[in-house]
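In what follows, structures are represented as structure tokens.
In the two complexes that follow, chain A is the common piece, with chain B as its partner first and chain C second.
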Partner chain A sequence: MVTEVLQLIIYGVIYGSIVALGAVGVSLTFGVLRFANFAHGDLMTFGAYMVLAAYVGFALPMWLSVIVALAMTASLAVLIDQTLFRRFRRANPMILLISSFGVGLMVRSLVQIIWGGSTQVYDPGIQFPYQFWGLRIRPDHLIILGGTLVLVVVLHLFLQKTRMGKAMRAMADNPDLARISGINTDRVIIWTWIMGASLAAAAGYFLALDSRLQPDMGWFILLPVFAAAILGGIGKPYGAIAGGFIIGITEELSTLILSPAYKPAVAFALMVAILIFRPTGIFKGAR
Partner chain B sequence: MSVLRMDSVYGGYGGADILCGVSLEIGPGEIIAVIGPNGAGKSTAMKAVFGLAKVRQGSIHFMDKNITGLAADRVVQQGISYVPQVDNVFPSLSVEENLDMGAFLRKDDFSAQKRKIYELFPPLAERRTQSAGTLSGGQRQMVAMGRALMLDPKLLLLDEPTAGLSPRYMDQIFAIVRDINSLGISIMMVEQNARQALGLAHRGYVLATGANRFSDTGANLLANEEVARMFLGG
Partner chain C sequence: MELTGLIAYVIFFLSLAGVYALLALGLNVQWGYTGMLNIGIAAFFAVGAYTSAILTSPPTAVPGGFGLPIPVGLISAMLVAGVLALFIGLITLNLRTDYLAIASIGIAEIVRLFLKNEEWLTNGVRGMSGIPKPFSGLVPGADALLFLGVVVALVLLVYWANQRAYGSPWGRVLRAIREKEVAASAMGKYTLLFRLQAFVYGSCIMGLAGAVYAHFVGFISPEAFDPLFATFLVWVMLIAGGSGNNRGAILGAVAIWTVWSLTEFLTTRIATEHFSLSQLAAMRVFMIGLLLQVILLLRPQGILPEVPPKPIRDADK
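Now for the complex of A and B:
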């Protein structure tokens, strides 16, 4: 029993890493731009497929393929922002939300047109898991855990130590004051997309490593990603990371008493409960 | 040459005019107090200078340069800084980071400016790493003023800097306004605490229903019977 619970917690942390990286992006864009980006899951999908294109299509080494995918996904997000979302800066957030829904559809369809609808993998074949104390973990899982750790540290240093990172936090705090302080808010917005989309691409790559590539993979993980962002207090990137791990572990542990088919419902139930009882998230913030 | 000159400005926020012909002038090194009843357009006049309210007619010049209708982020580049009445700090950022954000436009080393501000506001020096949201009202006001001073502006706009503060902090803030002014920075201050503001200011303007009613030196306005009866509560 203890082994089983520990094994589920390991799976929860792995799944939670993916959800957390996605949720950080949602939280960053919400904090700075004040709208819930429904295309975020599809940015994850796009990132995963860009890795496939570089790794299988151009036969680049995996590490380079991931960097290329991060850069391409960030570019796509900035392109979408500058051509579409930019026109709606002063519009009702609902309009932005609906248009992001449309963007998500377009990205998803684009992926499907280029790579087809069937499932794919980076490396065919079976990976043998490492065994220790009766627990199992696949080499891919170690990549996910290590990669997430590196990205979270990079994000933390960016937000705390760089001028742009501080400006991003400032703009999430008080956009009007940011503007009258002379902060170049257009540049902050572009950097927000770069950071959010890069993390989304990494999350998409990890998601594909954990299971398979599918054009709707990002769309289906959007619910737990949003649940994690809300759990952590939307607009707060650190809360989103914690929220991701809470969602991941809770979903996995729920399989002890529920059918695994109900996993998404667990995330949804957590999100509804938080919205009812602590709408500002589980962490106390300044606001 | 005046630092700031508003010439019969009409405007507001898009609907009916709130400002109906406001004119005022600030000389180098001057403190100007703008007083008047609620809804007189005091804050709106200040926001018009900073590009946050629309100027429909009339003009605003800063150092003889026409800045009428310039957006806020451009006005700040000219050398004017603005401290709003509310929401004037970044609550989740530390005191130090708030000051850094004030210097966002600066590409040079601004550590000397930061030292100067910590000298001006000693309570902030002890709380550099504390987040601004956890500070008292008076200390927040200091952070807000410190942030606005990071660009070393020629003109500082203060929108009711003592609103909601305890009398102890009120006196402290007025004293700081004088200190800032002694650094050679001109100040335009909108105030509800009219007596103290006029006592501090070189000159004052009394606005009512969006237009100038009186303008004189601070001392003369305080001595003016009509002003005292109508706007200073007898």
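Now for the complex of A and C:
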């Protein structure tokens, strides 16, 4: 029983890493641009397929493929922002949300047009899990955990040590104050998309490693990602990381008592609970 | 023979456009009047369809129904969708509108999982078939036409109700909330209650649309309530037709349903041998997504923009 629970917690931390990386991006864009980006899940999908294109299509080494995918996804996000979202910013912010919902569908269908609707993997074949004290963990899982750790450290250094990171936090706290203190808000917005989309691409890659590639993989993880961002206090990147792990571990542990089919419902239930009892999230984000 | 086929297609086409018109009219009260974002239209649509299907199917059908009359099914569909909306509304309506949007996709996801997994009630992914059709066999050969008559009557009824609501003091409060909620509550309106009412009313109409759809097609499965067909297309319809304008909602439903059907025609024309069916389907979605962005950029008010009633100026004379 203890081993079983520990095993579920391990799976929860792995799944939680993926959700956390997605939630950071949602939280950053929400904090700086003040809208819930419904295309974020599909940016994850796009990142995962870009890795596939570089790794299988161009036979690049895996580490390089991931870097290429991060760059491509960040470019796509900036392109979408500059062609579409930028024009909606002065209008009702709700228009941005509707537009992003449509953009998400477009990205998803683009992936489906190029790669088809069937599921794919990076490396065919079965990986044998490492065993220790009766617990199992796949080599891919170690990549996910290590990769997440590196990215979270990089994000932390970026937000705390660089001028751009500080400007981003200032703009998330108070956009007007940031603007009058001379922060170039247009550049901050572009960097927000670069960071958010790169993390989304990494999350998409990890998600594909954990299961497999599918055009609607990102859409289906969007709900836990939003739940994690709200749990951590929307607009707070550190809260989003914590929220991601809470969601991941709770979803896995819920399989002890609930049918695994209802895992996404657990994320939703947690989100509802936090909206009722503490709508600003655990770390007091934007309301 | 050609002509009867064409007429049958036109009747089929208009009936489905009518179902979408109901959905767009429901969304118009939520988004067009009040400015609330519902990204989970599929949930209310599906709940309405399944409620009516389960209540009206004969007890001998799989997985078993209650054999109740169809009007009971339609009304129950509205009630169940309304209760679901009340539940989401109570949780999220005092928060930013974004939260409603996020919570609504959550509810849509849970409804989808429920329909897929609770086989004892919904027959799971295999879906429910043999849902009774109203007036079937009443006039030989005119079943489809009679059904279209029912759909048109319901659209007109909801249109009439929406129009009445728009011009009424209640509708004025909704528009005031949309423009500036703080101002509306400063005028002494309990805005939360108004928003809740508008959300529940709109969702009831979506539930009704679901029930009509179920009786029209006669077969429903979770696949039919994909967020693409049941949520996204409705949004494109309302925005294209004109948010806040009920005639716009109906016009948008017919226009976008026509465009959507034409894209099918287009994609089957271009080199079917090079692309799989799922790729062709994705191309259609891409085109509709692009259309939405173009409308939002070039004509955000829609084909028929909202026409607010003229203010009464009795102080002038």
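Quick note on the criterion: the second predicted complex is superposed on the first by the 283 of 287 C-alpha atoms of A that agree within 3 Å, B and C clash if a C-alpha of one lies under 4 Å from a C-alpha of the other, contacts with A are read in each partner's own complex, and residues count from 1 in each chain.
Please note the rule applied: a contact is a pair of C-beta atoms (placed from the backbone, for glycine too) under 8 Å apart; a residue touches a chain by one contact, two chains touch by 3 or more.
Treat the numbers as computed from the prediction; the structure is a model and nothing was measured.
Asks: In the superposed arrangement, does A:282 touch chain B (first), chain C (second), both or neither?
Replies: neither
Asks: For A:173, decide between first (touching chain B), second (touching chain C), both and neither.
Replies: First partner only.
Asks: For A:8 in the superposed arrangement: first (chain B), second (chain C), both or neither?
Replies: Neither partner.
Asks: Mind working out whether A:116 is in touch with chain B, chain C, both or neither, as first, second, both or neither?
Replies: Second partner only.
Asks: More residues of chain A are touched by which chain, chain B or chain C?
Replies: Touched residues of chain A are more numerous for C.
Asks: Identify the partner contact of A:78: answer first if only chain B is touched, second if only chain C is, both if each is, neither if none is.
Replies: In the superposition, A:78 touches no partner, neither chain B nor chain C.
Asks: Following superposition on chain A, which residues of chain A contact chain B and also contact chain C?
Replies: Correct list for chain A: 287.
Asks: Which bits of chain C are touching chain A when the two form their complex?
Replies: Chain C residues touching chain A: 35, 37, 39, 91-92, 95-99, 101-103, 105-107, 109-110, 113, 116-117, 227-228, 232, 235-236, 239, 275-276, 278-279, 281-283, 285-286, 288-290, 292-293, 296-297, 300.
Asks: Mind pulling up the chain A residues that touch chain C in the complex?
Replies: Against chain C, chain A makes touches at 30, 35-36, 38, 84, 87-88, 91-92, 94-95, 97-99, 101-103, 105-106, 108-110, 112-113, 116-118, 215, 219, 222-223, 226-227, 230, 259, 261-262, 264-265, 267-268, 271-272, 275-276, 279, 287.
Asks: Taking the complex as given, what residues does chain B use to touch chain A?
Replies: So the residues of chain B touching chain A come out as 50, 52, 72-73, 76-77, 82, 84, 87-93, 97, 100-102, 104-105, 131, 133-134, 147-148, 151.
Asks: Okay, in this complex, where on chain A does chain B touch?
Replies: These residues of chain A touch chain B: 163, 166-167, 169-170, 172-174, 176-185, 285-287.
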